[in-house]
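So, here's a batch of structures to check.
In the two assemblies presented below, chain A is common to both, partnered first by chain B and then by chain C.
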Partner chain A sequence: MADRRVSPWWTVSGLVILLWALFPLLWMVSLSFKDPDTFRSGTPTFFPENWVWDNYKTVFSDSLFTSALRNSVFIALIATFLAVIIAMFAAYAIARMDYPGKKFLLSMALAIAMFPQAALVGPLFNMWRNLGIYDTWIGLIIPYLTFALPLSIWTMSAFFRQIPWEMEQAAQVDGATAWQAFRKVIVPLAAPGVFTTAILTFFFCWNEFLLAISLTSTDKARTVPAALSFFTGASQFQSPITYIMAASVVVTIPVVILVLIFQRRIMAGLTAGAVKG
Partner chain B sequence: MTLMQERAAPEKPEITDRASRERRLGLMLSAPAFVVMVFVTAYPLVYAVVLSLYNYRLTDPEGREFVGFGNYATVLTDPVWWSDFGTTLIITVASVAVELVLGFVFAFVMYRIIRGRSLVRTGILIPYGIITVVSAYIWRYAFQLDSGFVNQWFGLGAFDFFGERWSALFVITLSEIWKTTPFISLLLLAGLVQVPEEYQEAARVDGATAWQRLVRVTLPNMKAAIMVALLFRTLDAWRIFDNPFIMTVGANDTETLSFLAYRQNVTLVNLGAGSAISVLLFLTVVIIAVIFVKGFKTDLSQVRGDK
Partner chain C sequence: MAAISMRNIVKRYGDGYQAVDNVSLDIADGEFVILVGPSGCGKSTLLRMIVGLEDITSGDMMIGEKRVNKLAPRDRNLAMVFQNYALYPHLTVFENIAFPLRLRSTPDDEVREQVNKAAALLQLTEHLDRRPANLSGGQRQRVAMGRAIVRQADAFLFDEPLSNLDAKLRGQMRTEIARMQKRLGITTVYVTHDQTEAMTLGDRIAVLRKGVMQQVGSARQLYEEPANLFVAGFIGSPPMNFLPGRMRGGRIETPFGTVPATGPRLSRVGDRDLVILGLRPEHFEDLAIVPAERRGHGQSFTVDVDVTEWLGNGLYAYVPYEAPAEVTQQLEELERELDSEQMRTQLVVALDVSSRIRSGTKAELWFDPQRMHVFDAATGENLTRDPDRVFEEDQPA
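So, the complex of A and B:
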């Protein structure tokens, strides 16, 4: 620590990393502004010869995309909300209580985090059709919240462990029940951890693709990642590339905003569950 | 199971009132998570095991018949399974190896950098948060002949990256690496921060070079973090689906095991053989996890948080 010189070399390396992380985004934005009509003619270049908004106009007038965007937003938000609530109860119990089955629950969460989702698409496809929830929001929300639970439970129980115990005990000494102590004392202290977990869970649901294409068949419940893979462009004579990139830019914007605002929280959340301090 | 037993015998004499209340509340709070996880993973998995013992196509429901382990024999003697196994293995080993090195470099820079520290940490989270399908399209269009700049920039002429296996796997792996290196680098950074600075100091006093300090002091003290990062990334890479689906649709021997499971179950609705593939895929994941936990002694109690 003592002789750590402020070498410009580290800053240069940092810039290289930044370039590596952001360069593909630049390419995506550049493609999304290219003219779809002249796209196929001539040698491809990195930047557009003339910048046009056509792709964004097409994307927002295409019901395939707008309905997918609506599905994505609501499915991700509802699944995140439910996962965080369910995980919050479990994480609280894990961090604070001693009860049989605790180790089993943690092991089960770990197993599910490693679970290959592709191994479930067949049975879920069949089950969901029998239950009548194939190609519905709820049919995606249920598996999303399930696969988000392990991450949510670890992240939150890691945060919950850092909350001062004594405050809860003090509340109980003052006559509060365990439930009241949870609601009135722990919840306000736990809010930052819960919020961080919600961001990570939202990223997971927003990103998910395999279940989205396996458990949907129409634009009733198809999310953006699934819709992107079906996008064919305005007409069969145009390449869909520029449209897909415009749609990609649109769905990347929320991610960039969340990262910019909550950088510290996301970093803390990502490492909280996995490597204990 | 434990839930039932607890309800049946709520008050045992040796347990105090308070402890028993705590146990009951703990179980109640865990129950929703437990029920949902069983309903969506354990039950379908058992269902898959049952289905895998039948010859069952949704296109021919009448023809359903019990075939025992016949589907497993069919799958395991089919070259497609082994080709996809090989593809998955190549992508997993290549991406995890590169990510470990790259992730460590990133972690080290993020640890040491002072000017622009939060800028780099913010920037690196963007690939982490981006939709994998979007990442797949970005990289595909960068390499694709009619849209990409890569061939122009590197003077590759009309070389079609997606026209043959190895170059297609290269692009798939590149997208995977770009998207997931941030995750591994953040886990490694968390491990790096925990290496006591005094150890470095002591080694320096003893005349160790920077390389020796890295190999003898820093890395051994980060072993837990490295193993956990490796385990998670290996299992994650093993499940790879989005990138090959978007980039090649499995053409030119770039189909992975998850893709095969999807194709058999959802596209071909061949639920018997598809379920056998599902179960086998699950078993490969279990084997990888066991190798890490038993073979490499990865300490999962840290991950589970029950230590």
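So, the complex of A and C:
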């Protein structure tokens, strides 16, 4: 029998990694509470000498941020909702049905996921302007769906595969149509998978920067990550860093809360199908 | 309720594998029929074709007067109990049983009445609010049956429903299923690989081997008049003993001496160079306890008893013997197919408990040749079978 007590070095290295990861976050929080006029003067300290809420007040009174927050929330929610619905049907078909070209479709989905986004920005910019959906919600939702779907489909089909065939067959024998069996038996059983997919997609849309900055030009559709780069100080001599940090803290909070609440679910989703339960 | 009639049913998979080969079977209204055979014999495939979960390659599947080949499972109005129960884990026991009714949008009070009735019948009333995950195996089994009962289906189909239960519970559930079927009087098809279930449950048993129907009949017919080597070896526990033999000039040469081939059964065989003789373990007896007036009817012989097993109500003795190569090969193949638990080149003999025969001794055994079956060594066909024999016990009282 091996000794189950492992060396204390695990704890030490764990702490080091934790600090490494936490430092930028703490720095962000700390900066967001510093006085925007004086944070660069004198001897710099890690924590603010006097804690102020000014940055948050400024950020929330700035329409640049509030409209961006609104755009972010709705674009992320709509894209997530659509991605989950589409992925649910697609994943079901992949997990349960046999049709010609299934392998091809799956590898295409994977290829899209691996395609560098930066290479698409230029063509998309031109296309979107011609189509008249440049700087609109839909103009962001469409590419978000494209990039979120492959992962969603792969995760969800892993969940669907775990549901025994008999479940569905029993429903059919009990008198259910294929649609009823799907809605009343398969979807409730795959709920954890639907959840995981929804959260992962939401994070992707919420944090996305490249497309958001390239395909928007005004408050109409600009999301928070893009808007942050347009923050200016009160005068050209004032650095906007503290405002940007306050805004960053605001948009990080929902992500942190979601992860804390659903971390078990997310882990389950990411490893679904890896081990036969 | 309805009769089920299968005519020349064939199932061929895309890769050319023939799972069910030209099976015809008529199941009367209210009859309890068992489909039995070793794993991979096509019995489950046949059941799934009845219920509509498997496409039929050719042939006619009739339920009542209707040809249902192309009907979806939900339009066939059959109820099925799956091997792993297939209960819906996200629903309570009540909703599991009510599921088929909900699909038909039955009014709430009727659902409640039906479910409560079924729950009372199955002793599930106090578990209605629980979820399947918190139930024992037997309770889950009963929920699955409850779901079938509320359907008021034309027929019940069972796919090895007891194979996930432990031995004791299996016995209980077996009687419960039999009682329920009698009470509801509903046409039932039951798939199993367990021959005890097969013999105790149904009105009739259909034995399948590699997708081919071997024999259909009552348990007694299958036991006393098996159509071939396969059925003879499959039905009965411990299984029938198979010995090499030769028919010549009205006499049968067996490894244990030559006996006359007289009587209506043996005399119809005629001369053959190599046959396989079938003798059930209980056809043998310890010579010492055979009454003197019966001794003359049978053949006695001396053997070395390898091992004996005392079971309280009986005594099994194991006797090894040598067999010619061609018979051994045929028997080995049979053994593989039957998943048999015993070696075929030893004789299993069931003796009366009063017998004094013990392990590792010489013993004098006796058997009545009239009860012997003779099988063709090449085809396995039973040459002594009377296919029209009717058993009084099978007739309704």
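As a convention for this text, the second predicted complex is superposed on the first by the 259 of 277 C-alpha atoms of A that agree within 3 Å, B and C clash if a C-alpha of one lies under 4 Å from a C-alpha of the other, contacts with A are read in each partner's own complex, and residues count from 1 in each chain.
Everything below uses one rule, namely that contacts are C-beta pairs under 8 Å (C-beta built on N, C-alpha and C of every residue); 3 or more make two chains touch, one makes a residue touch a chain.
Model, not experiment: these values are computed from the prediction.
Colleague: Quick one: chain B and chain C on chain A, clash or fit?
Modeller: With chain A aligned, chain B clears chain C, so fit.
Colleague: Given the superposition on chain A, what is the angle at the CA centre of chain A with arms to the CA centres of chain B and chain C, as a multiple of 10 degrees?
Modeller: 90
Colleague: Using the superposition on chain A described above, determine whether A:214 touches chain B (first), chain C (second), both, or neither.
Modeller: The first partner, chain B, only.
Colleague: Under the stated touch criterion, name the partner, chain B or chain C, that contacts more residues in chain A.
Modeller: Ranking chain B and chain C by residues of chain A touched puts B first.
Colleague: So, does A:94 touch the first partner chain B, the second partner chain C, both, or neither?
Modeller: The answer is first: A:94 touches chain B but not chain C.
Colleague: Should A:138 be classified as contacting the first partner (chain B), the second (chain C), both, or neither?
Modeller: neither
Colleague: Quick check for you: in the superposed arrangement, does A:104 touch first (chain B), second (chain C), both or neither?
Modeller: first
Colleague: When the two structures are overlaid on chain A, which partner does A:169 contact: first (chain B), second (chain C), both, or neither?
Modeller: So A:169 only meets chain C here.
Colleague: In the overlaid three-chain picture, which partner chain does A:188 touch, first (chain B) or second (chain C), both, or neither?
Modeller: second
Colleague: Kindly classify A:122 by the partners it touches after superposition: chain B alone (first), chain C alone (second), both, or neither?
Modeller: First partner only, chain B.
Colleague: What's the minimum Cα gap, in whole angstrom, linking chain B and chain C in the superposed view?
Modeller: So the smallest C-alpha to C-alpha spacing between these two chains is 6 Å.
Colleague: Per the definitions at the top, what is the overlap between the chain A residues touching chain B and those touching chain C?
Modeller: Comparing the two interfaces on chain A, one with chain B and one with chain C, no residues are shared.
Colleague: In the complex, go through chain A and note every residue touching chain B.
Modeller: For this pair, the touching residues of chain A are 1-2, 4, 6, 10-11, 13-15, 17-18, 20-22, 24-25, 27-28, 31, 39-40, 43-46, 86-87, 89-90, 92-94, 97-110, 112-127, 142-143, 145-147, 149, 153-154, 157-158, 161, 178-179, 203, 206-207, 209-210, 213-214, 224-225, 228-229, 239, 241, 244-245, 248, 251-252, 255-256, 258-260, 263, 266-267, 270-271, 273-277.
Colleague: Enumerate the contact residues on chain B facing chain A in the complex.
Modeller: 2-3, 5-6, 19, 21-27, 29-30, 32-34, 36-37, 39-41, 44-45, 47-48, 51, 58, 105-106, 109-110, 112-135, 137-139, 141-142, 144, 146-149, 152, 178, 182-183, 186-187, 189-191, 194, 197, 201, 224-225, 228-229, 232, 235, 238-239, 241-242, 245-246, 257-259, 261-262, 264-266, 269, 271, 274-275, 278-279, 281-282, 285, 289, 300, 302-307
Colleague: How about chain A: which of its residues touch chain C in the complex?
Modeller: Residue positions touching the partner: 164, 166-167, 169-177, 180, 184-185, 188-189, 191.
Colleague: Within the complex, which stretch of chain C touches chain A?
Modeller: 51-53, 72-74, 77-80, 82-84, 86, 88-90, 99-100, 103-104, 147, 151
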